[in-house]
Amino acid sequence: MAKIELTRSSFIKNALKSRYPQLAVFIVMLVGYIFAILAGFIGTPVGSHNFSIVFVWIAWWAILILVAVPFFGRGWCAVCPIPLPGEWLQRGAILTPPDKRPKWLNLRVPKMFRNIWLQNISFLLLALFSSVLLTTPNITGIVLAAMLFAAIGLSAIFERRAFCRYLCPVGGFIGLYSQVAPIELRIKDKQVCVKCKDKPCYRIPAGGNGSSAGYGCPWDVFPGGLTKNTYCGLCLECIRTCPHDNIAVNLRPFSADLAKPSTRMDEAFKAFIMLGSAMIYAGVLLGPWGVFKDAAYNVGASAWFIYTGMFLSIIFGILPGLFTLGLLGTKSNTTLKHRFASLSTALIPLGLMFWVAFSLSFVLINASYILAALSDPLGLGWNLFGTANTAWQPMLTSILAPAQTLALVGGLIWSARTAQKAASEVKVSSIPVIVYCFATTSIMLWLLL
Amino acid sequence: MAFAPLPVPTATPQARTFQIDAGQFAYSPSELQVKPGDTVTLELVSTDVVHGIYIDDYDLSVEADPGQTQTLTFVADKPGSFRFRCNVTCGAMHPFMIGKLNVGSNNWLYRSIGLAALAVLGVTVSIKQKV
Amino acid sequence: MKRSELLSRILVITGIIIAIGAPLYFWTSTPLIRARMPENGGWSPNVVHANVGEPLRLKLTSDDVVHGFAVGLMDMQSVDILPGKVTEVTLTFDKPGIYTYYCTRWCGPNHWRMRGTIEVNGSPSDPEPALSEVERVPLYVSLNLDIDAPHDAPVVPAQKPSAIRGQELIPNSPFLQSSDYYRSNSPYQAFNDLSNISLTEPQRWDVIAYLWQSNITPESLANGKRLYAQNCAACHGENGAGDGVFADDLAKKGESSMQTMEGAMEMMMQAPVDFTDPKRMLGASPALLQGKILRGGMGTGMPMWGSIFTEEQIWDLIAYIYSFQFEYQGAIP
């Protein structure tokens, strides 16, 4: 299956190049985000009836993990409101492209942090407090506000979207999983880029030259060199900036990027973090074992420290350890580290499907809260759309189990094939990885069904 | 494999009664085992605040105040494994207050694992064929 | 600056102002009475002011679990207060005074402590005296009963006395059939007063059971049963045996307080009373039980109900409590 260039359609190309449609979505998202922060602080402390919990952890999460990531890769990043205030202040404008140097310090992010380890840590921090975060509106309000102010602060010190690229806990896994999506942004013709002198698609203009149409990539990615989705935030800036109209958005087969497996350790561990946390959440939150839930919720109690210890040892010890044991049996002329990193890309489609299966459960059970929270977002007794008294009613529970089986077995097949491709690149057998995937999938099936 | 009929052992249906204590945020006992066709009676005893039980797929529910045990009686005609959960907001972790009702054996789980094994076999066979 | 830039800046800033301002405005202009478990603060606010004759509109919400709302000594249906949702109640008061509002759905072991007051000012429409907690001196006070003293019956029946059997053995002493007698005497005392009549001991107990039943109506028994289930069963047990869901917690608290405090051991005992214990119950008169219910347990977990239950409700409850000791005719609906 070949690529289909979507931007060949002038309707699509103009819709993406024009700043107005994106701005309209930005304004809606930003207003909604700020409202969610307020709702978290002054709305009802009851999570299921508070806009911030319902619209962040049920509605937004459902759309993100079930639609946006699998089908649009970093599509959420394209419309996310978190970087906007900082970026607008950095640019000194909302719409108009630069004719002057960007404001503030514009330092380069130090090399030590130019990886996704900070994102791994920030995701883990949220994950360890997730029981409190998912159920307590003012904690969600604090986290949302903290991310917004962190983004603004980082934009004041560093160039481009430093928060998005190096700190955002969500961006870490969206980037990893975007490799499986059927959408990509790539250049059309490499020779055009070779001949292009200024590269305004990337360079932030120093002397005030640079393209008058757009900014250099806020994601610190050189579009001319893009071969994978992982770090391109689909902000569409380069499409506007490129003076040679050499950038396109394409439709392509799922997980095309995994044909060139990454060998970075930070990404490898991200795959284990996501796989492990999906399994732990399925067991702790959706299982019948009250002792784990208490341990996860009572932050600061000794049970919580034990829970944290177990969480971290599963993610950093048991899961990667068993994976490595499987690899030890294989012989190859590449280093163990190289094999570990490239074969762990098999866990990317698997992890995504683990999260899809897990999320389907709590989304279908609790989606009815969305209607109630829409009509009475703050718990003040409003009934804006007449749906404030919608009773809690799980939806479609009869298709839940089949859907989860489909997702998990489908993910297993997908990851097995990914393992094959990655294994043949390093000339080892893919069997240990496939067995590992089968084992973890069986555990996830047992936890969810 | 997902839908192949399995031989089902027949047994005479019994009447089973369970007292379930509900407290923030767990049930005790949290896992119940009955046979298909049994008439099941759940006596819900709330031990701290108002709690409820809602059974997935059966779409049945009951709620109880502390001091007023309420019962729910039904025939377990659907086999499989079903979660039951609290349907009265009872505090922060309410959405995760969950137990499991097992009617017969969890056939869907076994079929799914079998399907996964078949899928893996299929993929590895196709590797060998390509090589 | 280009027009589009200006417009977009205005839109963004307006959007942010509305996103912050609208919630803040509506939040500050919607006074709510927040219900929380007593461990988390109880009612907030817990004092409300009102004027005689003016409708008092209250908006109530719960911040944690299911609560309920009712005003003591007023004839009103209680309303449920659900977490995250707002319930509206309108109250009108005829007489000034201090009214007590309380939670009507069990919300933890300290549920009964969840009370607030409504201070109603103004002059009543007719010159009756202001409402007081109990309209007249309660019976246990006028009888000079020490309701904290032990009241074990020295003699107890071997089997549960039956009013059905008792009905066939009615003695013809008229004084036994006055409600004043019923209220002022314990079953044991009545049993004793019958000692000159030629009946066996079990027969005498049966007569007492019938005597007790003849001083109450089926409606009052049904009402008492309902009040008991909603207010007492959580501690005293659904079958009266002192084994309610909170009984263990209360007993534990009693043990720890006995270790740290000196004082009358009986006062510190916190396990809820077992109403199926004949020794204790048959030695208690309705007046004594009324005293306990009105005044509460002075340091034990027993609430004081004087500002909540009307006199009639308390007699109904007492009627039901004795049904753990006596077999009454007909099932209690």
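Residue numbering begins at 1 within each chain, and the chains themselves are lettered A, B and C in the order written.
We adopt the following convention: a residue touches a chain if its C-beta (ideal position, glycine included) is under 8 Å from a C-beta of that chain, and two chains touch if they have at least 3 such contacts.
Because the structure is a prediction, the values reported are computed rather than measured.
With respect to subunit B, maximal separation of chain centres occurs for C (centres as means of Cα atoms). The greater number of contacting C-beta pairs, out of the two interfaces B-C and A-C, is seen for A-C.
Distances from each chain's CA mean to the overall CA mean are smallest for chain B.
Separation between the centroids of subunit A and subunit B, computed from CA atoms only, is 33 Å. Between the CA-based centres of subunit B and subunit C the separation comes to 38 Å, rounded to the whole angstrom.
Each chain gets a centre from the mean of its Cα atoms; for subunit A and subunit C, those two points are 54 Å apart. Multi-chain contact residues, meaning those touching two or more other chains, occur in subunit A at positions 46, 48-49.
Annotation for subunit B: residues touching 2 or more other chains are 89, 92. The set of subunit C residues touching two or more other chains comprises 64, 83-84.
If you check the complex, the residues on subunit C that touch subunit A are 1-2, 4-5, 8-9, 11-12, 15-16, 18-20, 23-24, 26-27, 30, 32, 59, 61-64, 83-86, 88. Every residue of subunit B that touches subunit A in the complex is listed here, in rising order: 2, 25-28, 30-31, 54, 56-57, 59, 80-81, 83, 85, 87, 89, 92-100, 106, 108-109, 111-113, 115-117, 119-120, 122-124, 127.
By the touch rule above, subunit A contacts subunit C in their complex via residues 20, 23, 27, 30-32, 34-35, 38-39, 42-46, 48-50, 88, 93-96, 376, 378-382, 388-389.
By the touch criterion given at the top, residues 37, 64-66, 82-84, 105-109, 229-230, 232-235, 238, 244-246 of subunit C touch subunit B in their complex. For subunit B in complex with subunit C, the residues that touch the partner chain are 45-50, 65-69, 88-92.
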